[in-house]
Amino acid sequence: MREVTLLEAIRAAIWEEMERDPNVFLIGEDIGRLGGAFGVTHGFLEHFGADRVVDAPISETAIIGVAVGAAAMGKRPIAEMQFMDFISCGFDQVVNVAATYRYRSGGTVSLPLVIRGPSGGYVGGSLYHSQQFEAWFFHVPGLKVVQPAFPDDAYGLMKAAIRDNNPVLFFEHKYLYRRIKGTIPQASDDFIVPLGEARIRRPGNHLTIVTYGALVHFALEAAHQLEAEGISAEVIDLRTIKPLDMETIANSVRKTSKVLIAYEAPLTGGVGAEIAARIAENLFEWLDAPIMRVAAKDSFVPFAEPLEKFVLPSVDDILLTARQLARY
Amino acid sequence: MSTRVKNRTMEEEKLARYRDRLTREDLLEIYRRMWFARVFDETLYDLKKKGRLRRGNVYGSRGQEAILVGTSYPLRPTDFVSPIHRDMPIFVFKGMSTRAVMCQIWGKANAPSRGKDSWSHMGDLKLGIIHSTSMLGSTIPVACGVAWALRLDGKTDSVIMTYLGEGATATGAFHEGMNYAAVHKLPIVLIIENNQYAYSTPVELEVPTPRVADRALGYGIPGYSVDGNDVLEVYDATCAAIEHARAGRGPSIVECVTYRLQGHADHDETRARQYRPVEEIELWEKRDPLPRFREYLLGTGLFSEEELPTPPPDVVAEIQDAVEYAIRSPDPEPHTALEDIYDESAGVSR
Amino acid sequence: MAVAVVMPELGESIVEGTIVRWLKNEGERVQEDEPIVEIMTDKVNTELPAPASGVLARVLAPANTIVRVGQELALIEPEGAQADRGVSVPPAGAEAVPAPPPVPESAGFYAPEATEAPPAPAPAPAPPEGDGKRAGRGLFLSPVVQKIVREQNISEEELRTIRGTGVGGRITRADIERYLAQRTAAPKPALAPTPAPAPTPVAAPGEGEEIIPLVGMRKAIAEHLTRSYQTAVHVTTVVQVDVSRLVEFRERNKESFQQQYGVRLTYTPFFIKAAADALREFPMLNASLVDDQIIVRHYVHMGVAVALGERGEEGLIVPVIRDAHKKSIIELSQELEAIAQRARNKSISLAEVQGATFTLTNPGSYGALIGTPIINHPQTAILGTYAIVKMPVVINDMIAIRPIMHLCLSYDHRLIDGMYAGRFLQRVKRAIEEFEFFR
């Protein structure tokens, strides 16, 4: 076992997969000479060479497009968005080209590609370095969407994403990058976390908190405080947002009958809406309270600290809603 | 309306050396292929009007046959193409069966996309055909990716020929793709079919430079502008661009100046004669590449009239057979609409 | 169009009530404003007037059911229009039946924490006719509870015996599961001598026991006191007051007072006066903590606890004397007697039990010597006046016998620090000891 940060876990996974499979290569802005804006690919260029660690121009469309073309040819490209916010510049390549490729090829072409990068707020990144865009891609068939909250998951999920035969969007929460430490297995263990499996990070009986990303840590902190109040909250870390692990969610709902869905993106049209809808459709008779959501306010992520704090969901927001739900 | 077919420069005269290598059989095959494109086009327009093709648009290539044939003829089986909607015959030229192409057009279960997508949005990477989309220009970055994969595999003698209309050179994807290709000296040959109109918008409103090929200046790469209705001129320029690419010197742009004799698609025939001057259409009718090439061949004295039928009957028979085959072919089962969204044959997803 | 009789919001903390009885039967004609139903709510019984004239077409909430604010209780149809089953709510501004408060959009299904009204569930539509899913009219059952009710064959009568611990007394999944565990555990009667189905109680009463469902005022008191006790951080401080002058004054004047003003002269008005005056100087004790805001009142609405029933067995009510700080001992005496009287014969109006800013309780009336009263949420303090007894006290280093009373102030330590409470008590003590009432 190795003690690493979440960032180092991602780095280790990519490094080991590149060692294991010569088809894996990296493309992105400043990932070679600089080693990535956050240092995820530090030292890769020297080890793997410029053909496998491509310093691309500021061209998200080209970066993702190159990844698509190479993936169609059997490579396993990993395209880095310097910030996930910038994926909007390559949106067409993601949703119209990558997502559809297998479908329009009549199932003859696989597209094993990963688009990864830092996302999320709580770091004063302001509008264009703080966003959580997972819902955009959650909506698109053909894509998979991942956001790990712990180093071991980040490590195992990244390996799974690279080995998966479909386009995977890998959202790395920059607030967690160096804050969260944990152990990961040795490279020789070939440890994988399968895509599409949620993980119960804390069992509980009174209510279920479904969440992912940075909010997993907030939810765990809230659950800890709730315990002192006699409220036992189960915290589910989705880990993979698409495909959704409804089985784990459903089992928990059948146990607690009360659900709180917490996510960092703006409330409206977020991932929580879909989860809530599925629970309402399929688990209605198990509910003992309305399904509740805690999310960012329907705003952008502003710069100034008081503004950012106001917009983004907090431990207190989760606590408040959880208490009300428990009392309902 | 400027047509911008210019006189040859000294530089371009040098290109003519490529055509000299063509044999008599090559010239006959080029002639045959141009007719294949013409009959393909006329057949589908006819069937659409008669209601035998009930779904989807027919995007014609009438008037642009010299480009389809002249650019694709020099390609090797190991090369790649990324055709667009007006390039359907190129699928056949690159090795796909005419029957498969027709099944795609009819949306049949045995079509390359199994009825999922229409018209030109198909491919076969084993044949070197990259699947395109409706987002014109988006194919260039994908072509760069194919080139990158080949580079990683050490296959440096394949070229990727990507097709675009002049209108698509206005997209961001065009710029990002060409810039990337030029920066990394990728073996891309970009064919621009400058048929003067992007749907209804004239080239003046799409491109600010005198020639579309002038786009190449911004990337420091060769840019050819040739008479797109002269199949041998197209062939020459394409060969030069391919040679450049195979030598590892990077991408080129080949602008083929032509004219769309039809509307944007079969639904546009009436309006296409309203947003364009009829005199302009008539002028270009006179420059039809097929009679032009036939006259050229007869002028060489190497061919008899009988050797150059209009159209060659085997071409008609092949297309008729493919149409009948497609119509007979099974429709896809409804539930297959949910297949092929993901590939779970490998990987570690649950 | 039928007009619905809607359960009005009968007070700031009231979320539900119990139908005591219908004064009209289905099919009977009613006049607008004519009382048609008697409702027992938090601390008052009241009659609801008909919102329109017509025929009482349908009673949706029969007697003894618990109804939530905003719930439809009955439908009144215009005469001769019984076939029309449409429902209309009386227009806004119809005083008789205030519409339920709008649920603030941002607050979701509950009101913000610590507002005066406990979180009211968003008014669910009244049960449509023949809707079998809503077991028991007037009872909101969540989907999972409905499912359990169906699977476990729980009757409506049983449901009514289950004490709901959720918002507004809602029966939660935990409640019903607890009930089921008890139901299973309870010994089954050997052989029912008669086939008549009897309502199944929560638990079979043991020998010498009886089970009384917690409903109405008792339930309201239970919930209210629970909330009070769980919300405020209670501390009680006690001072000893020498009431010699007060006792002397009363003894001397009680007959003439009765003759002159028509009411008995009791000690309570003096305590009200002393407390009200002191509250003007110590306004924080007259405040409420709501969310992150402290609402300080510069008026004193004095709640005075009144026990009901000969032995207090009928509960307790807290009528309010408005603007007590402006009133004289005489006015206070008159008002107190009138309002206490109305409370005892249950004819008190809702307005008379709402809006208190401070509460006075007098356990001394039944001889209690000392105690720790519970604050009346969302108020900040409550003053208890205890029994006046003769005690030996030391005055100028000499032992004397004096009538002594204990004043016990319970206050919310979140808002009030010990010294502030102590000074307030000293202020009250001085007013009583120095007899400052007629200055």
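For clarity, chains are labelled A, B and C in written order, and residue numbers in each chain start from 1.
Throughout what follows, a contact is a pair of C-beta atoms (placed from the backbone, for glycine too) under 8 Å apart; a residue touches a chain by one contact, two chains touch by 3 or more.
A quick note: this is a predicted structure, and the numbers were derived from the prediction, not measured.
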Contact graph of the chains (line, ring, star, complete, other): line
Inter-chain pair with the most contacting C-beta pairs: A-B
Whole-Å gap separating chain A and chain B, where each centre is the average of the chain's CA atoms: 41
Cα-centroid distance, chain A relative to chain C, in whole angstrom: 51
Whole-Å gap separating chain B and chain C, where each centre is the average of the chain's CA atoms: 84
Residue list for chain B, restricted to those that touch at least two other chains: none
Residues of chain A defined as touching chain B within the complex: 22-23, 25, 27, 51-52, 54, 56-57, 59-62, 64-75, 77, 92-93, 96-97, 100-112, 141-142, 144, 159-160, 163-166, 192, 194-197, 243, 245
Residues on chain A engaged by chain C in the complex (per definition of touch): 257, 284-290, 292, 320, 323-324, 327-328
In the complex with chain A, residue positions of chain B that touch it: 111-114, 116-117, 121-125, 130-131, 133-135, 138, 140-152, 172-173, 176-177, 179-180, 183-184, 339-350
Touching residues (chain side chain C, partner chain A) in the complex: 108-110, 113, 119, 121, 142-147, 166-167, 170, 172-173
